[in-house]
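Chains: A, B, C and D, in written order; residue numbering restarts at 1 for each.
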Amino acid sequence: MAHGREQRSPDGMTEKCGVVGVSLADRDAARPLYYSLYALQHRGQESAGIVTHDGFQQHSHVEMGLVGDAFDADDLDQLNGTAGIGHVRYPTSGGVNASCAQPFSVSFKSGSLGLAHNGNLVNAGEIRSELEGLGHAFTSNGDTEVIAHDLARNLLEEDLVRAVKRTMGRIHGSYALTIMHDESVLGVRDPEGNRPLCIGKLEDGYVLASESAAIDTLDGELVRDVNPGELIVLEPDGSGFDSYQLVDRDDTAHCFFEHVYFARPDSIIDDELVYDARRKLGSELWDESGIETDVVMPVPDSGRSFASGYAEAANEDGADVEFAEGLMKNRYVGRTFIMPTQDERERAVRLKLNPIRSTVEDKTVTIIDDSIVRGTTSTQLVDLVRDAGAKEVHVRIGAPPIVAPCYMGIDMASRDELIAADKSVDDIREIIGADSLSYLSIDAIASVFGRTKGDLCLGCVTGEYPYDIEGEQTDRDVTRPAVGGESAPADD
Amino acid sequence: MAHGREQRSPDGMTEKCGVVGVSLADRDAARPLYYSLYALQHRGQESAGIVTHDGFQQHSHVEMGLVGDAFDADDLDQLNGTAGIGHVRYPTSGGVNASCAQPFSVSFKSGSLGLAHNGNLVNAGEIRSELEGLGHAFTSNGDTEVIAHDLARNLLEEDLVRAVKRTMGRIHGSYALTIMHDESVLGVRDPEGNRPLCIGKLEDGYVLASESAAIDTLDGELVRDVNPGELIVLEPDGSGFDSYQLVDRDDTAHCFFEHVYFARPDSIIDDELVYDARRKLGSELWDESGIETDVVMPVPDSGRSFASGYAEAANEDGADVEFAEGLMKNRYVGRTFIMPTQDERERAVRLKLNPIRSTVEDKTVTIIDDSIVRGTTSTQLVDLVRDAGAKEVHVRIGAPPIVAPCYMGIDMASRDELIAADKSVDDIREIIGADSLSYLSIDAIASVFGRTKGDLCLGCVTGEYPYDIEGEQTDRDVTRPAVGGESAPADD
Amino acid sequence: MAHGREQRSPDGMTEKCGVVGVSLADRDAARPLYYSLYALQHRGQESAGIVTHDGFQQHSHVEMGLVGDAFDADDLDQLNGTAGIGHVRYPTSGGVNASCAQPFSVSFKSGSLGLAHNGNLVNAGEIRSELEGLGHAFTSNGDTEVIAHDLARNLLEEDLVRAVKRTMGRIHGSYALTIMHDESVLGVRDPEGNRPLCIGKLEDGYVLASESAAIDTLDGELVRDVNPGELIVLEPDGSGFDSYQLVDRDDTAHCFFEHVYFARPDSIIDDELVYDARRKLGSELWDESGIETDVVMPVPDSGRSFASGYAEAANEDGADVEFAEGLMKNRYVGRTFIMPTQDERERAVRLKLNPIRSTVEDKTVTIIDDSIVRGTTSTQLVDLVRDAGAKEVHVRIGAPPIVAPCYMGIDMASRDELIAADKSVDDIREIIGADSLSYLSIDAIASVFGRTKGDLCLGCVTGEYPYDIEGEQTDRDVTRPAVGGESAPADD
Amino acid sequence: MAHGREQRSPDGMTEKCGVVGVSLADRDAARPLYYSLYALQHRGQESAGIVTHDGFQQHSHVEMGLVGDAFDADDLDQLNGTAGIGHVRYPTSGGVNASCAQPFSVSFKSGSLGLAHNGNLVNAGEIRSELEGLGHAFTSNGDTEVIAHDLARNLLEEDLVRAVKRTMGRIHGSYALTIMHDESVLGVRDPEGNRPLCIGKLEDGYVLASESAAIDTLDGELVRDVNPGELIVLEPDGSGFDSYQLVDRDDTAHCFFEHVYFARPDSIIDDELVYDARRKLGSELWDESGIETDVVMPVPDSGRSFASGYAEAANEDGADVEFAEGLMKNRYVGRTFIMPTQDERERAVRLKLNPIRSTVEDKTVTIIDDSIVRGTTSTQLVDLVRDAGAKEVHVRIGAPPIVAPCYMGIDMASRDELIAADKSVDDIREIIGADSLSYLSIDAIASVFGRTKGDLCLGCVTGEYPYDIEGEQTDRDVTRPAVGGESAPADD
């Protein structure tokens, strides 16, 4: 629409989606789905959708925009049925594309399917080609349609569980899926556990969600995470759920960036409260590269938990550092506004973040953030804080340098744009103008999460991926499924 | 959105779509497609869409609303390519459904397909089931997706012409299709010629359109109608077209209502100018049931040509009747407005049509219209004219009574709502309060169109259809294709 | 917003507004106001507004757009009160200006005022200056705010009738006003009767409107025109109205173009049905400059009544001319659409009007229209008809040449743009490419309206105005009121 | 539009506006105005407006919605001129009212005026009546139009400075005004200094703004606060400003709630950084009523600075309390969404705030906020934290109880709705379910701001106002100006 406008920060990473699923005893699922999507809004702002089934037919409402804009009360009223799934989708960099909004619905021989997908397949093209060879025609470019067609096809010959298993045997990549098959709600998590998915209990039903905060919003209780490779089938009457461990892998490939950046601090992912994880990472950061300055200040809101863990560790160590919220964020940033012209940009850098002079003037300052992607924001920040009178400006980052892109469902920027892709830490320090710069080590990440590196997806910080991705190195022994071989998943 | 609002006349029939296709030498097709859709706007106001192909990829823009609202200049600029198809869709009575907007696009093994469809299949359900049995999954309820899947499947095994032929051998019903296969534009007309489709020549290319008025708008020349059962393939360089007579039937089933009601008077359909046809029908109406009154007045705009033919025939017969435009139509009718409450409705009947008193006061009046569907408007009209001082009010209708619904692509009202479904002409006369009422005979229709009844679809005025429709009688020896038998169309 | 888009025909004149006022016994006035504005939509499409008063306070809703778009059912529900006024406003050529939308509401010492104005003052600037000298501050550039301030000021010292009289003594120009003073609804027509205003009776109240068609829409009866210089005060209980003849002029200055062009054919203005007037003008046109051709065809919709009067007179004279609707108008013209590029324009001329070939091919043709403003459309039309095969194309116009702009409330084009401003009829004929061209004489206008020329405003066809307009000649002895002299209107 | 939707927190107070003014050497003022309004967005979300003057004429763009929605790039481009003023307006509780959006523009005898107003007059009605008695008519109910008319009137007789002085002598209440008189930009602050206004220096001009954060955004430097009763006139060439101390009062009446609640922490108001003030208030709160609990946690974002001051003071005192961000705010709260039904509300309380379990479980907790208005949110919060496992929940508030409404420009809730209006602190404690509850004392407020109580407006916490307000008590010797007496401000 309007060129010269931006939507949300251009200098961050964006999560590629959030999914939910709900099955209740005798209440319509639409409102709980709506509120849970609202709780997952940070995972996708481009579109929102809900699909329900009332026992006779599917109802679907998918629209561009935030959850609050995509639905009105009438829309929810028309989404009948005690079971349903929902989806929020990320903003694309290029253009907004209504045809990729989800959940994706199809009808097929044995009924209807709705799919909501968070993640990214690395072999969708191959499966798509194979299905096209069998006569399938596709209306979108998305992975989700590919999964839907494959699953529909398998359901012609198999029962639901075996059909899902067969599909899981063919697709390779990251996925947390909520699926609606007629009135049944299913949840599937990829065998590597790359994307999160958890199960919650409500008074009158069960819920599946990308993050436990969505369960909290419904006043429910987190039951547990869905296991890597597990299929969960919610009972249609809301009374419980069945579990099927369909695929087992020796190694998992959990995405540590979910914890570092994307997830809400109040979510529990893989048994770990995100807030606690970040505080521990902050504490590690102090241990690894702490520097005693007058003030420690977070980049709001992303660096806050790290900074508080860092400062606390520092003070426990006997250092005398003050934790201060010295950067004031305009809380309307993220809404539409007209970008400053190139000429104005320098003048207008404080539109988004404004340093509180008294907290930094004549002081040595450490700024804490969770990551550096392109480096633009960090450069501006250091500059701002220095202009506001800081004597020294040090930067500490609660994660390792991002050296390679993510193929598993996070929109991080291309390799060209990643400042750490081809620069040393000292080069970056010089570019952003900091007196010192340190990142957290990969070992610290593994240690905080209590996993071996082999159980984490570290592709973006090592350049070696736990998947077989064309043109990239892998860090383990993985092979894509031979797509055509329907016998591949087989042997059940 | 807002209940209590109406969109367009509830008491008419609505055409179910208009289609176009354009292939040019080296000009982008988007604007010619846009203007030709604008010329066909009367055939569908719910949505408008254009699909083009630039040699590398397909571009698509489909949106709800009138042509002028669905596209802006930027949209057209992004629809690159010298070839494309377009579609306008009818307003549904129930609810607006974005997922059915057209052209319908899919990608498949051998490329991309776009389809724009005017008409209605009677065996879509069967073909759909069969395709579902082969693993196909569908995103909509529409016939068009069924045709697209079937065609895509056939294209795996056959060349384009044979694939279309095979699909035509499976589908049964009415269809005028424009199809985009990669950068090729095709036009197909159903074997019965039920829906219109014609070919036009531009200075630098060729065009396919539901009505010739769309060709006029592009300053092109009508070449000829597409024949029933014929496939037209436009040359990608705009230099000509190829013809393939793929199916031949002994009898056609042309829809006479296209001429009576839907088409623009300035369109030529099946070699007959619609304006002339209507004047002849009006002339026949005088011959069959003329009554000499002081004034003859059309219901604007639908009855105008009939009335002028009727009045002219009357005067040639020596009767002294004045032709007068005595009913004034609010030219903003058809735009959104708040419906009068039940209580106000009687008061507000003249919102839409207002009689010009001087033309009717103390006079005997004949009102001419093209059809009566529910009878509501006619009742109001007779009442209005009488209130304005007419001594007598006679009604003459330029078509036979509509006694049965249309299954071939016109949204006419259900059988329950059709006033003539179970009432005699005299009963209707009494209900609408006219001093006399006559309809045109079916014989007159056949005679004006110079065809036997066996070459017309008369289902809505006889209750006997030239198709095999479940629960209805047929007027001829038709059999649905045996869907599964891929050999059916075969052996060409 | 979107350049490259047009709104409505650029080659016509546009009326500058329609006004209504309603006072009912005990029904809310909002809906009748809404429907009557809908009936006057042709008088203004830029904005629509309604102001009501419920006995305690004023309610106002004014919005850009057509009547149907400016209000929803909730809006009407909130416009409480049995009395109110309404307004539709013309589209400006330059830019849309929300601040000029009407009715204009103010509160002042003795209550509230709402004003809806059709017309144009020639001395608004002077009155404004005088009021500014007294300390008044204005929020808009409009005449209406000037009238409102003046009236509010007079109401401090006088009763309502004398205050209106005093204001009428100061303002000079054309005006039909509906005024809401607290719950009283008033109607005022300028002393020259330039703009129309009439009174209608409903079952339960009275209505004032620019045209009687608005009264018909409410199923009311036209009582009579408001006289030039008359004030009408509707009884708040809907039981009747009072009349005050506040100003008397020897000569009136009725706008004949209301009848020729703007008003609906079914409206009665100054006791003359517009449809009849146009037929008579058509008949005079035949008498003055008739030419026997095979076909007579109107430019739809504006030339229709003229052409039918012309053809009838011709045939009564024994000429053998066929009346035919040979030009087909796209009924969606007037809605938003993307303008053809210069290059496409020639190709796309038939977007709006398409000749029906059979009506003109190999025939001599007379095209009848009501006026020629810039000449562009006429040129295209003659061309189109000739291209469609006409042997000769003659043009007859039902009004005299427009040689000068209108200052009284019609948006006609500037003098530069008027083709007849500096060209002879024969020059114009040559430009538009007609075989012959004739306009109606001014005498014929006067004769049809049964008035002396001295009772008509003929400024646009003579260049001499019945008002004192700076830089223009006047055709009579008029003097602007000495604004400051509050004694001017005096002598009461 | 949509009932059942809420816009922004119903349980807070809302500021009634922000104002800016800019005068530059030779750059258009529109973009700096836009960005400064963006920085003041928290002061008003209902509408945004900018008025500029290019030396010849005024340009104005005022629209409903957030700054980013109210303007697009074209809008800014059309706001020509190196000088201008801007305004953001608060959301009304009742209904949105476009007619009150600002800046308010009028033209009058000697030119044009634009006014942007933050504050509330207590004698607007009287001045309005008097002006009405002189014939003035008003288009809105707002104070601003009254000031505009009065000023325009005074400008007929006086030069600009004396005219402003005369107006200041008549109006009584709170006001920070930016005024555009032709191309001059003025700033006026009420004699009591109730509303903030400050002056900033840019590289190429000067800026006036409600808060210094707006100056920071333009990369400018805060020069100083405008003094109570002072008029600032910016030089049109951006080279400086003139100061006129037009009114002197013995006592001021600074609003302490600006510091406590409304202003951005990074703004400096009356020489005090808001962030520092809040930290000091937090520190005082510990001194007055500190309680040692395991954890201290702020209500985000309002309580954050208080809590950090409180925790720091506690730890300096040797108490061992952990500062933790234990309440997670959904950062999309504030955007449109469908309210839970009554039934769902209990379930859905965690939509907005979700406690991080690990921070409170089995701990004693102190929640810190800046104020309690209705008490609803506090009740929910205490409940949430207790449900999350807290052993004790104590509440500390960084301001005194609000016992009376604000008449000076803050939308606080009516007296009925204020929980402290008629309840003791212990009653409130019981209602919200806290183990203990303490507010800050009024003395602490005065002490932190280094002023006597006589220099603060404490109306909302004492019920005694420093203004003469009908039906309320005053805490000092104030008299409203005798409006009519133009000699009142006199003697200059």
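Everything that follows uses one rule, which is that contacts are C-beta pairs under 8 Å (C-beta built on N, C-alpha and C of every residue); 3 or more make two chains touch, one makes a residue touch a chain.
It should be emphasised that the depicted structure is a prediction, and the values quoted were computed from it without experimental measurement.
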{"item": "Distance between the centres, which are taken as Cα means, of chain D and chain B, whole angstrom", "value": "62"}
{"item": "Mean-CA-position distance for chain D and chain A (Å)", "value": "37"}
{"item": "Chain centre separation (chain C, chain D; CA means) in Å", "value": "49"}
{"item": "Multi-partner residues of chain C (each touching 2 or more other chains)", "value": "none"}
{"item": "Arrangement of touching chains [line / ring / star / complete / other]", "value": "ring"}
{"item": "Chain-to-chain touches, reported pairwise for every pair that qualifies", "value": "A-B, A-D, B-C, C-D"}
{"item": "Touch list for chain D against partner chain C, complex", "value": "104-109, 113, 129, 131-139, 141, 148-149, 152-153, 156"}
{"item": "Footprint of chain B on chain C - complex, ascending", "value": "2-5, 31, 34-35, 38-39, 41-42, 66-69, 71-73, 76, 213, 216-219, 264-266, 273, 275-276, 301, 304-305, 308, 323-325, 328, 330-332, 335-338, 340-341, 344, 346-351, 354-359"}
